[in-house]
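Same chain, two partners: chain A is paired with chain B first, then with chain C.
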Partner chain A sequence: MIISLRDISYEGLKDKLTKDDKIVLWSCNTCIKFCGIGGYDNMVLLENMLTADGYDVIGKELVSIACMYSLTEQHRDNPDKSELFEEATTIICLACEDGYEIAEAVFKDKKVIKVVKTLGVGNFTMDRGPVLTAPFESTGLEQSDEGYSYPEIAEKLGLYPTFFSREEARDDSSENLVNININGSDYKVKENLTIMEACMEIGIEIPHLCSAPDLTPDANCRLCLVKVKGEKELVPACAVSVEDGMEIITEDDELNHNRRILLELELASHEHNCLTCHKGNPVIAGSCELQNLVRRFGIKESRFEQNNEELPIDTTSPVLLYDPNKCILCGRCVRACREIACQDNLGFVNRGSETVVAAGANKDFAESPCVTCLACVFACPTGAITEKVAHYTGEDWQEELIFQS
Partner chain B sequence: MLVKDLATLEDIKNEVLEKGRFKKADKRVRVTVHMGTCGIASGAKDVLDTFKGLLKDSGNKDVKIDTTGCMGICSKEPLVTVEVVGQEPIIYEYVDIDKATEIFDTHIEGGKIVSKYAFARGRECEIEERLKGNGKVKSQEVLDDSIKGIEEIPYFSLQKRIVMRNRGVIDPFKIDDYIARDGYRAAYKALSEMDQGDIIETVSESGLRGRGGAGFPTGLKWRFASKAESDQKYIICNADEGDPGAYMDRSVLESDPHSVIEGMIIAGKAIGATRGYIYCRAEYPLAVEILNRAISQARRYGLLGEDIFGTGFDFDIAVYEGAGAFVCGEETALIKSIEGGRGNPRLKVPYPAEKGLFKEPTIIDNVETLANVAPIILNGSEWFAGIGTKKSKGTKVFSITGDIENVGCIEVPIGTPVRTVIEEMAICPEDGKKIKAVQLGGPSGGCLPLEYLDTPLDYEPLQELGTIMGSGGMIAIAEDKSAVDIARFFVKFCSDESCGKCLPCREGTRQMVNILDKICSGNGTKEDIDILEDLAHVVKKTALCGLGKTASNPVLSTLKYFRDEYEQIVE
Partner chain C sequence: MIFSNSLEYKKLTCQLDKTNDVITIIGCNTCIRVSGAGGPDKMKELALKLREDGYNVKDGIMLPIACMEPYLGIVELSPEVNTVVSLACTAGVSNIRRNYPHIKVVETVDNIGLIVADTNKGVVKIAMPYERHSHKLGEEYPIGSDGKNKMEKEQIPIEVGVE
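What follows is the complex of A and B.
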């Protein structure tokens, strides 16, 4: 992975902006995310900070891999986003210098702002996070197998080891709050949040598999269904926004019973065998969300008939492995491919219980126009799509050093 | 020729009447072969060819052969109506090549009715007149009164025809026939004399509710869409009828396509839409052909296209053929399908009336709902509101099938008891088997056991009993049929037709089928019944769209009323 560190302070960033700028945040979702700078969360954080300080952030775009010229162009030319990019005057680029240069070339007429210095190639370690092992000559650092950790580099080169901090910006008191009641307690939360986001801010976790903060909600796993007073039917927390006076129940015997049955159905749908699973290192792509939930609900086995049909595993991609037997059809990869990668290379084929995710024109990955950007890998909640280099073979050294493309 | 005013409509009407379609000026006999898909399937095409051949050979010039859509009583097909000038029309049932030859020789040429093949005397559209005239219509001579008059057959006399007003009378391939039955007058009225508000008001006051199954007030839906601001709005006619045992929409489209087109024009004016789609399933090739023909005829008259009736209102319709997925009858999946995507439902909010097809305000109405619109505009909301029950107005078309004598499409006032339909109109077979339940609403519905047969056919009362009015499929189940088998059939159907998007429907229906298979094979246990019931409740509560939410209804309703049958099998 490419190692970059922030080289600009929040004040320095603000100096480059004016209040008239129509700002779009442009954030890469690959290496720079693991450097603690890009990705979705940091983009949202920066949006909140700038908005609180009175800047006009008109949109944000998560890009699966910002150092790919054609992909960047596709994002710009996406018909759904054409208005946004037409209006924008300023792009703040949360990507490495390579990604920045491409953004600068693609958005010729706009002010593109860089926030990092790219220093070389490195690895991701379990204990020390990202480390720089092969620095560029310009840094003046020596090659090192052990690698330089972020605090070390920051000190040596006068850079910032972490992302901007929320405290640097003003508290946003102008934000509109709504009163809601969750499980009997009253809370004040920001308006326009979904029920799930509001609960997350408060610290209540609603079980879910198909929703992810950086993707549009699809409400297909039905685990996040909650009760809202006055609604006849259960409401998907991932897709419905909070309203003033809303009374929500996120957990009771009935809801948890539904969830348990749904998880049992999921377990029976395929051979979800953790022993053969490549989900691997939780630091890179998160741990298995299905396993987490099954443990959380204390499910030992499914009461339903196990489907033992084995689907062929697709190993053809140079970077990823697709095992449809581990797939729960949450569609996160499909949405990530469309929304973050701007590719639409993944989709569903067949219907009902025969449904599977397929690449391209229902071909294997190598025969599809996959750009190997890894958007689907980071989106997958289980071990269905995994990055090949992150696979464990069981050797000790792998626990310490995880090579990331 | 463009039709720009009422006078032209009137001219066409008179011309049709004049030409002898009804008065038979230069013709002596009119033979009508009823050629719905049901008729064709049972041999009407051969019958038609036979008549044509015989006529050609005989050299007769005074016989006219016509075709229409389904007459409504499909189990008697092929049906042929023979009408001699000045005499009552005679309807013949179960006609085949031999019978057709005999009818041609004896009745058409010889002037004597072949009583043994006759089903009834008279014409369905004249029933009211016949009832008033004590079984007679002025200027029609009765030759053989041993044949039942059509008004004496409860199957027909108990019906109230609004949607089916033109069935069996007009040729669906001829727009003039429709105009001769006062077609497009409502569209003229709506376009030239009423504004958007008036139309919506009239439809609201009439109390018309969506006939697709949910029963949402049509006027209200139109109001939402009319208020939505956009340059482009759409009307979609949902003709993706897919419930097993339901064929009302097909029957309407095949026998009277213009009634739907006219309804769409009026709806278009009401909400300000200029573009309409008819989403018709590809399994209805005849309906698609008839619709396309009807649309091009309407265009030729300027009844579709730009500046309709010279009012400055533009509206056009395209037929979109479905690709065979049942779930595409669900509104949001249907929209996705027209957009060219995979027909998967999405969350209902935002409603299609705000953001529907191509993200523009869209209303989606069922075939039957739209066919009701023109009569409401023409006759006024009070007339319509006078039919039906307190909460639900008008009529409902049901396609009745199963273990009964008379299979076909019937249109009865809402609120008619199920018993009337089953016992008086459909008639239980005479081999002694009793009906034990009636399945309403296809795979989304539930069954209604014998003891509830007096329930009125209305949205709410049926819902209270665990079944639904649905789109109008009604299947009578005889006492020797297993309720478990029926539940399994419908759940299997839903499982096959699930789009696979949401977990409860995708996996839940599969597991319900697994459990029902196990029970039916005799290997089930009492615990299996409990698990099945539990699962069915969870699927109902958690599924994403209407298909999944209702997929367990057949299981739940059979468990409710016929649990003993389940228990007998597992013991």
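What follows is the complex of A and C.
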């Protein structure tokens, strides 16, 4: 992975901005995320900091791989984003210098600000996080298999070992708050948050499968339905914003009964046997969210008739496996491909119980225009789309897939 | 993305012992595949060539990203394997060396530097080369060409070389 460290202070960043700037935050979701600088969470953090300090952040864009020129152009030219990028005057680039060079070229008419120094390549380790193993000669550091840790590099080269800190910006915690009541307790939360986001900030977890912080809500899994006083129907917490005076119930016997039924229906819809699943122990792309929920609700088996139809697994992609038998049709991969990769290579085909996610014009992955950016892999909450790990052996170098466990 | 080019085959084989080395090839399926120096097809080509030339290549493992330690945790080397031929960039090699200190690890590629890519045009451009390859700044190659067939006309219209 490409190793970059922050080379600008928060004050230094503000010096490059004016209060008239219309700012878009541009964040890469690959190497730089594992450097602790890019990705979705840091982009939201910086948005909150700049907004608190009175800067006009008009949007944020998560990009699956910012060092792909074609992908950056597609983000800029996305009809859903054209107004945003037309209005923007300033792009703050949370990408390595490789990605910055592309952003600078693609957004020629805008001020593009970089926040990192790219130092070479290295590893993401289990105990020390990112380390630099093959530095550029200009750093003055020798190549090292052991690698240089971030605190070490920061000290040697005068850089910052971590991302900006929320404390560096003005405290706006008392501004724009609404009063809500959740499960009988009163809270003050920021306006414009969804019920789910507000609950997350408070520390209340609402079960969900189709929603993810970095994707637009779709409210299709129905697991996050909650009760709101005065509403006739249950409302999806991932898609409804909090309002002043809102009284919300996130958990009771009725809601949990509904959730158990939904989870049992998911289990019955296809073969969700964990023994045949490629999403094993949590690795980079996280663990199975369906399994976590099934365990949380103490479900041992489904009361519904099991669909035993076996759908063929697509192993044609060089980088991923698509097992439709493990798919819950949450659409996170479809939205990730559209919103983070800007490719629109994935979509739903067929109707009703025949519905599946398909690549390209309902082709194998290898025949589709997949750019192998792995946005769908990182979005999938189950073992439907996983990284491909293969073992080759025998006279003909036969491929055998390895389970990640 | 990281751009790597294959080393000469002889530079690889001169580090291997036909009699004693039992070899697993560990490959990376990310940047090096885009560079054309690695990936599943290159791994098969290399394995079969080494076998043909009398080397004991037992098996191969293709990881999604070889520079990330958690993926290396999936690898289970056979007890008789004493040599890993790494079909990964320098970062992948360091990862393997650190995790298998008792095993001989042989590199197969040279890191040229960082590239930008255009998947629509099928082109990569060298944007941040290592100093020893600084003359390659701005050069463009077809995706998967392993540093061959340098393109004459600029395909990716960006200025490279960040100040």
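Everything below uses one rule, namely that the second predicted complex is superposed on the first by the 383 of 405 C-alpha atoms of A that agree within 3 Å, B and C clash if a C-alpha of one lies under 4 Å from a C-alpha of the other, contacts with A are read in each partner's own complex, and residues count from 1 in each chain.
Everything that follows uses one rule, which is that a residue touches a chain if its C-beta (ideal position, glycine included) is under 8 Å from a C-beta of that chain, and two chains touch if they have at least 3 such contacts.
Keep in mind the model is a prediction, meaning the values are calculated, not measured.
In the superposed model, A:Ala366 lies in contact with neither chain B nor chain C. By the touch criterion stated above, A:Ala134 is placed in contact with chain C alone, chain B being left untouched.
When both complexes are overlaid on chain A, the residue A:Leu225 reaches chain B alone and has no touch with chain C. In the superposed model, more residues of chain A are touched by C than by the other of chain B and chain C.
Residues 325, 327, 342, 344, 346-347, 349, 495-504, 506-511, 514-515, 531, 534-535, 538, 541-544 of chain B are the ones that touch chain A when the two sit in their complex. Within the complex, the chain A residues that touch chain C are 1-2, 34, 65, 67-71, 96-98, 100-102, 104-105, 114, 118, 121-126, 133-134, 136-138, 143-147, 283-284, 318-319, 371, 374, 387-393, 397, 399, 402, 404. By the touch rule above, chain C contacts chain A in their complex via residues 1-2, 25, 29-30, 33, 39-40, 43-44, 47-48, 58-65, 67-71, 73-74, 89-91, 93-95, 97-98, 111, 114-121, 125, 127-128, 130-132, 156-160, 162. Listing the residues of chain A that touch chain B in their complex gives 217-223, 225, 233-234, 236, 239-240, 257-258, 261-262, 265-266, 268-269, 303-305, 307, 328-329, 331, 347-348, 350-355.
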